[in-house]
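Here chain A shows up in two complexes: once beside chain B, once beside chain C.
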Partner chain A sequence: MLNILPQLIANGLIIGAVYALVAAGFSLLFSTNRHLHFGHGAAITAGAYALYFTLTERRMPISSAIIIALLAAVLVGWLCFVLVYYPLKKKHASAVVLLIAGIGLLIFFENLFVLLFGTDVKVVDYIAVTKGLTILGAVITKLQLFMIAVSLALLYGLFLFLYKNKYGITMRAIANNPELAVLIGIDKTKFYHLSFVIGSFLAGVAGILIALERNVEPIMGTGLMVEGFISAVIGGVASVPGGILGGFILGIVENLGIGFLPSGFKGAIAFTILFIFLIFKPMGLFGIRKGTRGD
Partner chain B sequence: MQAFLIQIVILLLIYLIVAVSLNLTLGQSGLLNLGHLGFFGIGAYVSAIASKTYGLSFFFAFLLAASFSALCGFALMSAIKKLSGDYLALATLGFNYVVYTILVNWMSFTGGPVGISGIPRPSFFGWKIATQPEYLFLSAVVSFLIFFFIAYLSKSRFGKVLNAVRDDELAAMALGKNTHKVKVQAMMLSAAFCGVAGSLFAHFITFIDPSLVSVTEVIFILSIVILGGIADNRGTLLATVIIVSLPEALRFLHLPNSAVGPLRQMIFSLILILILLYRPKGLFGKVELK
Partner chain C sequence: MKKFGLLCAGIALVALAAGCSHLQQPTSDQPDDSQKPPAKQAEGEPIKIGFIGPLTGDVANLGQDTLKATQLAIAEVNAEGGISGKPLELIAEDGACNAKASAEAGNKLINLDKIPVILGGLCSGETNAFAPTAEQNKVVVLSPCSSAPNITQAGDYIFRTYPSDTFQGKFAAEYAYNTLGKKQAAVLAVLGDYGQGIKNTFMGRFKELGGTIVLAEDYNQESRDLRTELTKIKAGNADMIYFIAYTEAGIVGLKQAKELGLTIPVLSGDALDDPKVHENSFAEGLMYTVPSAPLTEEWKQKVIAAGGNPTLCTPYAYNNVKIIADIMNRVGTDATAIKDELYKVKDYPGVSGPVTIDENGDLATATYDVKIVKNGKAEVMKTDADQEAGDQKPAGDDVNDDANTDAGEDAE
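Presenting the complex of A and B:
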């Protein structure tokens, strides 16, 4: 057990980097829009399939493939907002209605991808499998190091945006007190749009990274989103830094868990953590009570 | 053709049980329960394992399915008693995932991803229900008994307390009602009925696998209850007929098999989104989700 410990932690950090991207987007969307965006998983899958289609089927260069994949992810996320969430919000639908609509969106897109690409697993096969580097007793490939680097860089960028940029600060102001934000003349709707673009962009990156490292299948977005969501709960749903930390925690705990249990129980480990947090610490590590419990 | 029609009607009757029992929690008591299908899976598996692995008669397997589901409903309710809103929705959805993961991974008991096949058709004291019309009769009896029981319950004192809890829990508490207790009772009843539906399903199809409780199926059942209008049993009946039979029309378009499945799911999710957008109170509409 001890000799595989570094490897398990390394694996946890790698997947945790992806969870953190999803969770950061999820938290950003939740704190700005005040409802859970289940369609988030669709943006992940859209990014991954767009990459597969452009890179592997159409043989486009990697740079344009990545741009198209990101655009696809942003488009799917933004469409969820424009076509479904925004009209619902205008009718003053409750957060629960938005959540159910989001599940509908998720299933809709998941099946759209099944219809377009089939249920079989697609391999992007762009980066040849190389021998990994050994770092502190764990074998890590260059791609995996790249994944962690990309994730950390983007999350740092998100942090700079939220805390240093004028628009980011306004977005946090809306998250903090929407009524007050409107009173001082902030156009909330503009920032709803912006939050969906940024959140879906991060989801698209997560989809691309997973597509490059593993493979592409229709249910990937749902799975990743669930894990990203649990990460967000661990950190406190409305807190972006909390979501990032939660992502890494979940990644490591899951991988340590697989060290003891059969790998099929990975999902169960994640949900056990979810239940523990929901029951004992529903506000998460950094959460603030913000109407998340319906009050 | 006739066999095909009977099969659809049997499935319709089974899904009617699932939908009206969900209405008891989601509609009457306002508990946003997204894990209802977990009970369907539990009922189906308990009944299948009891009758196939342990050779129990259908009657006992059926009762076991109901009571075990009710027990799980109690456990779920104890776990989520402090939650409401988004968090409640997620915890119940999580319950669904937990059931799914257990069904997939507890190989020795549930057969893993392959599931259980060759589940015996029911028999009562020597009367074997083997043909489809006989099964239709059985499911119709069970389904209508449950439907009318729940319809009666909704109008009874118990139903009124549930509605009070849904509309204003604080006020109900102030009137001295034990709101948690009635919610637990509603959840256990709802779980038991859903387990019964699972048992009927398992012995009818004679083959079950974990996909019974996948998230995609949650959409199916939610679209029934929301189309019918929550807390509206008549609406649920009509919505079940619509939602179950609508995708069957796809068969007549002669689409390739691989396209029918995803199209069916896309139709359900579209219906769900469209109702939420344009008719949030459902067909007849009394209560809005909140």
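Presenting the complex of A and C:
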């Protein structure tokens, strides 16, 4: 089994890169808004379908296709906030209500994509499928290397934004203590908007990468949302760096696990990790109690 | 705040109740013959029959085509006078290729719409999910595409005009061993009634012939990442993969196999008889077994004109409507009478060839083709007749150069 170890780790990194993007956006949204945004999956699907539509159906150049796909993802994520979460928040809806609303949004957009594009699976036939390069005993395609690189670069960019940029630092301040942030004159709502734009942008990138790597179908966002959520819990739901690390950990553990166990256990492995963390380390790896304390 | 909490609790309860509804066994809806309304129906009032198939989710592509073929056949029946002058009306429900959705769909058709016949499901997991309720309520189920061997025992009222995978798995094993000359198979099968049924018959027959199963892996139907499963196969010394998948995971698996540099031949099953799979460059060279259905060009054009594609399940779905309409015209719409007549169906001239139903409600015989994907299209490689002819020859005569005479065991 040792001979396939490099390949198993590579497989874990490839999918981990996508989980990390989803988890980072999810954690960012949670830490700023203090509720779980399960509608996040809809932004992933929106990005993927927009890429399919522009690239495969409309035959647009890849650059414009990517821009439109990212805009679509951001728009869907932002609309979730403007049309559903914000009005609910104004009525002081509890986090549970917002969570259920998020699940509703996920289902709503899933059905919307069925309506617009039909239920059948779509293949974005852009990059010719060939055998990958052999690196350190693992076979990996250029696209997959690109996926890992893009994911790491974006996540580093997000890190810089949160820790070096004025807006990013303010966003963390809101995450840390919303009441105090309001007292010192920070416009919380503006940062809610910003967090949805950035989080959905990351989801859009994940959607584009998955569309190129696998294929596009209405339920894709739901599956990735589950994995992204587990990743976020591993890292500490309110911690963006934790979410990123959690994504890679989940990807690698899942693939190592089924490297040795029958592969039908993949889902069980992911959920076992979730339960272990929820029970023994509910704050995750990087989570700090301060950041997740309830309102 | 409190109101919202209550509201959401209410919503959650309703959602839960809906989700669990398939667990409740229907009691009060036994359609005993005395209160069966259709026979006394007013003129022009339609006779409703149900349809369950994957209209969303996995296999939706084939499901939508099957619905179109079913609707086409119903339109034709109605144009020819319907059932003793009354039109047939189809109520289509989405089984989504999963047990939960199709159990709910079955409950709705059986308990609310009170249909005497359900045409469907497609996925074996769908049919198995609503079959017990149909059996209890004496509703006839006639599936155009479910192939899992365990449907044979699903009940008295459960029929199919699609061959059981006890034929297909066996045929595939014989083809792999005798014709392709493969001795070391890796099996990668989707979890669920279909994948596991065909996997078990394949593995049983392959070992019986003298072959070795190097590795047998299962994966979840929703999985879209088979890289690690394929990595394990690549690390073994298999000389072929028997890959059982529905469209969505099939596309991903074939793509990832190519990316990982797996070059051994891939043999698959009937569920990959979907143009959506074949049109991809990485599907080139894929082989799969599929029941022989010599369709006429004229019939194919009719399905296309009806908005569908003449894919895998369509001829059987079309036949089924015609068979049911024919029976209803003779014995009325009582489900038990229809059931009794279905057991008598013999050599019905269907568009896919003659249909004979055996004492288990299964198709009595089946012949298979092997198709190979070439230039984005699937073409027939070898007919079942060739294979059968080969089987009758003395040991070893029909096998490839690299296959040796231990293939003689297949003479039994």
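The rule is short, and it goes like this: the second predicted complex is superposed on the first by the 285 of 295 C-alpha atoms of A that agree within 3 Å, B and C clash if a C-alpha of one lies under 4 Å from a C-alpha of the other, contacts with A are read in each partner's own complex, and residues count from 1 in each chain.
As a convention for this text, a residue touches a chain if its C-beta (ideal position, glycine included) is under 8 Å from a C-beta of that chain, and two chains touch if they have at least 3 such contacts.
Keep in mind that what you see is a predicted model, and the values were worked out from it rather than measured.
> Kindly say whether there is room for both chain B and chain C on chain A in the superposition, answering fit or clash.
By the criteria stated at the top, chain C and chain B clash after superposition.
> Who does A:M60 touch here: chain B (first), chain C (second), both, or neither?
A:M60: touches no partner chain.
> Where does A:V123 make contact in the superposed view: on chain B (first), on chain C (second), on both, or on neither?
Once the two structures are laid over each other on A, A:V123 reaches chain C alone.
> In the superposed arrangement, does A:G267 touch chain B (first), chain C (second), both or neither?
both
> Once chain A of both complexes is superposed, is A:R214 in touch with chain B (first), chain C (second), both, or neither?
In the superposed model, A:R214 contacts chain C only, not chain B.
> Would you check which partner chain A:P87 touches, where first means chain B only, second means chain C only, and both and neither mean what they say?
first
> Check the residue A:A95 against both partner chains and state whether it touches chain B (first), chain C (second), both, or neither.
So A:A95 only meets chain B here.
> For A:H35 in the superposed arrangement: first (chain B), second (chain C), both or neither?
first
> Tell me the contact category for A:P282 with respect to chain B and chain C: first, second, both or neither.
first
> Examine A:I14 and indicate which partner it touches, taking first as chain B and second as chain C; both and neither are also allowed.
The second partner, chain C, only.
> Of the candidate stretches 42-50, 132-140, 240-248 or 366-374, which in chain C collides with chain B after aligning the structures?
Once both complexes are placed on chain A, chain C clashes with chain B in 132-140.
> Please write out, lowest number first, the residues of chain A touched by both chain B and chain C across the two complexes.
Residues 91, 93-94, 96-97, 100, 114, 118-119, 262, 264, 267 of chain A touch both chain B and chain C.
> Which of the residues in chain B end up touching chain A in this complex?
Touch list, chain B to chain A: 32, 34, 79-80, 82-91, 94, 97-98, 100-102, 104-105, 215-216, 218-219, 222-223, 226, 258-259, 261-263, 265-266, 268-270, 272-273, 276-277, 280, 289-290.
> Give the list of chain A residues in touch with chain C in this complex.
The touching residues are 1, 3-4, 7-8, 11, 14-15, 91-94, 96-97, 100, 114, 118-121, 123, 125, 128-132, 139, 141, 144, 214-215, 217-220, 223, 255, 258-259, 262-264, 266-267.
> Which residues of chain C touch chain A in the complex?
1, 4-5, 7-8, 11-12, 55-57, 60-61, 64, 191, 217-220, 222-229, 231-232, 234-235, 247-248, 251-252, 255, 258-261, 276, 279-282
> Which chain A residues qualify as touching chain B in the complex?
Residues 35-36, 84, 87-88, 91, 93-97, 99-101, 103-108, 110-112, 114-115, 118-119, 222, 226, 229, 233, 237, 262, 264-265, 267-268, 271-272, 274-275, 278-279, 282, 291-295.
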